[in-house]
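What follows is a set of structures to go through.
Next, two complexes with chain A in common: one pairs it with chain B, the other with chain C.
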Partner chain A sequence: MGYQVILDIIGSSIIGGLLFLTLLNFTAQTMETKQTYRDEIVAQENLVNVVTVMEEDFRRMGYCTVRSNMSNPIVTMAAAESVRFKTDLPDPTKASGEGDGVVDSISYAFGAPVLATANPNDRMLLRRENTGPYGGSSMGVTVFHLTYLTSTGDSIPSPVPAARLNEINAVEVTISVENINPYSSVSGPDSLATVLVNWKQLTFQIKN
Partner chain B sequence: MTGRLALLLVAGMIVAMLIVNAMMNTSDATDNFVSYVHRSNAYDIAVSGANEASTMMYFNKSLRGHIKNNETLSGGTIDIVIQNVGAKIQVVSTGTYPPSGPNKQTQQVIFYLGPGYFDNFVVLTDNDDGTVPWTTYDTAYGAVHSNNTLKMDHYGGSLIMPVFNDRVTTTKPLIITAGTKPVFTYPPESGVSVQFPTAFDSVADPPFLVGTTNFNSTITAGNGLINLNTAKEVHMQFFVDGSGNQMVRYFRDGKRMTNNGYGDFRTTDTVAAVPSDGIVYEPGVDVYVEGTIKDKVSVLTIPDGSGKGGNLIVTNDVLCQTDPRAGSSPDFIGLLAQNNVIIGNTGNDNATNSGSNRFMIDASIVALTGGLAAADNSSRNRQILDIFGSITQEVRRGVGYGSLPIGSSTGGFMKGYKYDYRLLNDHALLMPTTPLLSLQSWLVHTVI
Partner chain C sequence: MIRFEMIFVILAGIFLGTLILNEKETNMSTSETLVVSQLGINAVSIANSYIQRISNPALAFDDSLVANAVQPNAADMVSKLSMLSLYLGRDAGETSQSQFNDVDDWNNLDTMVTIDNVGSFHVMCYVSYWDPIASAKVSTRQWYKLVEVAVADTVPNSPATHFFQFNDQRAEIREQFVVSYYKFLR
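Take a look at the complex of A and B:
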């Protein structure tokens, strides 16, 4: 014992304390990173879930097993945030996903803000088959925008008047999804940190 | 010594916690994104397989079976099965990416092919050299094609230009005269060629022959455009009797022109029953036809060995019993002529036809070596030639022109052609088939 031991204890305490503080800081950063990851996962999963359903629907636009039953216009209502188009929905008796030959319709609409979530920007994405009730999806969708294009790629202003519905050859869908529960950002108590993921796809209506 | 041990202990704990933290950071977000990319790749592979199957069937129409069994393509696998399903050919192209693993995604393209028919157009013309223009007031709702060109012309004033509500394709570029502003739903395409039919389909049903006695007569039709040879002729009026049977009344003793126009059918004329889904076949005869038809009935005429006959002259409305314009109808009429199909000049159109300045025909019309024409097309009453069905013709002929309003005493017909979309799926008897298969439906389906 002596000075040597005392110096060892003091030195190790200082270095250990510094390391401990570093560790705390590192852990906090890790937690934040993990939170970001988690938000990204949630937002991405929500986007993928929305897109999976929507892709399947839009790829059926104009499809019918009995093609003479399908008639123009395929898109029967076209606005910037809502659309209705003709299709042939899957026949539950067929595993292949083929329809029954009866013309159906699918509608999409961007609904009201979702009040149950902390994110003030997300809105309900509504989907309806034929004349049934609208089903809502609170997936953190903050942008749902539709652009309608002619066969030459020119966009048609929305809402598309009934007389021009026949001109629609492709529909461009843009979706943005944010996490539904953003947390307070360090940049300011009033701002919310959120994760944003986007998806855009051009779908051509089927010309049977 | 104890201090150094404490230091080592803290350092060891830091390393341990770093490892634990690193293990807790998942790659779910990346996996999620990767799954979507994999599904997109699987979709591309399935579509590529569908295109490959189409190409292979183009060269070998009888190709059937499991032609690709999970073969490697673009880092994934492709599986293609071609089989007959009823009267159609089903092609199932399955794309998988990657070939295995937890993120494997599978997409399927299921499409059907069927025999192609020439009634896929509202007007299909093999040789339209632009002599007969599409002009003011003309409308075509359905695909229009010419293996030559199409001419667009107009008459003075800001009148309605010819309107085309579906695809317009030609082999050579369109001819559009100065000041003409045709209305196209889709931009017209040139450089497109469609093989034209050379013969009617083989007669699957035994033809129903109307009588056996022939009569010689002469008519000049089409305002001098068409000179019918001295040919035998028969006049037919189709109707459905009170018991719902398809009947035809006919005579052969020449035209009976009256104030009511052609026909003037009498109760003393021969009446015969037409078999359901029947074909009325008259070789070497010019056939005059009108009336109402149920189920599937086609009237076919071809010239005899000396080239006489083979023209079909429509003397009044030819309508389905169940109106196909109002929705579904089981009735399909074929007006099939080796030479021309001529709208006869009835002398008093409004009295004999539908009474609304319309001459109405619900039929698939084929003029294999001739064209659709109207007799006296410039001097007859101004009406709408209201054809609901399809027109397949070798050459374009005149039916009327000018800017006179409907009801004028001259000017002939303005074209009001509408495609019968039932013809995408069903057809009149004897309608010629194309040498190529045509797409019936196309479906993209997510398997996993």
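Take a look at the complex of A and C:
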């Protein structure tokens, strides 16, 4: 009888231990999954924020309230990771977003890696209006790639030489965003787990 | 005879299994929402891309006006309204999008667009005349055309979409805008 009780205790301890380990493992995986989802939501939000600003700028590429003030080439510098183009920035005194008729320029450039974040892949996405200082955005952008297209849809190799800037009819933008604070994964503690969100706008048409 | 201890162990196993299954189901649901969200972002950008292409100032408002500009005065616009095409669609010899030279060439365009690491999207474009007073699509000639772009994601080897089903139809991103001939006048 006493022998049976000891066996029961040992058996229940083993089964209880297995259940407890399963529960611990399950909790760890659930925590990691939740963290991944949170990171992906943050990455998607960052992507949308970056894209919203960029879309507003690129959609005005070549636009000018006084059309005769705009002259070719619209894109004045075109490389794979940087661009400068003419536009007419919104006049703050007009609620409609209409420009003031004076030709402005906007530059975008993909800067140096951001050292302040744990992610080694993200880089600064820089934006400049006219000759002002560059403003940076550390939103976890890991890919910023520009492709320049002619009116027939053919791509022009980057960087586009000055003699071919007039041929640019549309710009294609590719952006990838990762979470800025990756973490060690339960399944692979030696590597950093990152979440990747991709976006591509096939065409930004020059307006002029 | 089954002892009470065994029943407790079985109940504990069932409880744990239910907990895990519930959590997995929640995770699957969240995962699907995130995938649909990313697909939606890209579908909107594809629709915007086509709107940008169709609103290209280099395109003519109508095929009949490619080599026959209309002057911005009422008399010329009234007299030349009948010149506009009744047939809206690609014209003879236009086999690819790069050959399209007027707005309505995009009508009934049905194509696929693939974005690396995201997926493939089904794109459809429709162009029709637009009556701005009635605010409705019409079949008679107008100086306005309504452009509609529909984008749906695709599941490989399946007619299904990741986007939520809506009234038993394929859900899709749909954007529309009106092109006015006045935009083409300089």
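By our rule, the second predicted complex is superposed on the first by the 172 of 208 C-alpha atoms of A that agree within 3 Å, B and C clash if a C-alpha of one lies under 4 Å from a C-alpha of the other, contacts with A are read in each partner's own complex, and residues count from 1 in each chain.
Please note the rule applied: a residue touches a chain if its C-beta (ideal position, glycine included) is under 8 Å from a C-beta of that chain, and two chains touch if they have at least 3 such contacts.
Computed from a predicted model, the values in this text were never measured in an experiment.
Q: Thinking of the overlay built on chain A, is A:121 touched by chain B (first), by chain C (second), by both, or by neither?
A: After superposition on chain A, A:121 lies in contact with neither partner.
Q: Report for A:153: first if it touches chain B alone, second if chain C alone, otherwise both or neither.
A: Touch status of A:153: second partner only.
Q: For A:97, is the partner it touches chain B (first), chain C (second), both, or none of the two (neither)?
A: In the superposition, A:97 contacts chain B only.
Q: Which holds for A:170: it touches chain B only (first), chain C only (second), both, or neither?
A: second
Q: Answer with first, second, both or neither: which of chain B and chain C does A:65 touch in the superposed model?
A: first
Q: Spot which of chain B and chain C makes contact with more residues of chain A, would you?
A: So, of the two partners, B touches more residues of chain A.
Q: Quick one: classify A:142 as touching chain B (first), chain C (second), both or neither.
A: Touch status of A:142: no partner.
Q: One more residue to check, A:198. First (chain B), second (chain C), both or neither?
A: The second partner, chain C, only.
Q: In the overlaid three-chain picture, which partner chain does A:45 touch, first (chain B) or second (chain C), both, or neither?
A: first
Q: Output check: A:107 vs chain B and chain C. Expected answer is one of first, second, both, neither. What do you get?
A: Once the two structures are laid over each other on A, A:107 reaches no partner at all.
Q: Could you list which residues of chain A make contact with chain B in one structure and with chain C in the other?
A: Correct list for chain A: 8, 12, 15, 19, 22-23, 26, 30, 33, 37, 40-41, 44, 48, 51, 59, 67, 151-152, 169, 208.
Q: For the complex, which residues does chain C have touching chain A?
A: Touch list, chain C to chain A: 5, 9, 12-13, 16, 19-20, 23, 27, 30-31, 34, 37-38, 41-42, 45-46, 48-50, 52-53, 55-58, 97-98, 113, 115-118, 186.
Q: Residue numbers of chain B touching chain A in their complex, please.
A: Of all residues in chain B, those touching chain A are 1-4, 6-7, 10-11, 13-14, 17-18, 21, 24-26, 28-29, 32-33, 35-36, 39, 92, 108, 110, 112, 165-166, 185-187, 421-426, 439-446.
Q: With touch defined as at the start, can you tell me which chain A residues reach chain B in the complex?
A: 5, 8-9, 11-13, 15-16, 19-20, 22-23, 26-27, 30, 33-34, 37, 40-41, 44-45, 48, 51-52, 56, 59-60, 63-72, 96-99, 150-152, 166-167, 169, 206, 208
Q: Note which residues of chain A are touching chain C in the complex, please.
A: Residues of chain A touching chain C: 8, 12, 15, 19, 22-23, 26, 30, 33, 37, 40-41, 44, 47-48, 51, 55, 59, 67, 151-154, 169-170, 176, 196-205, 207-208.
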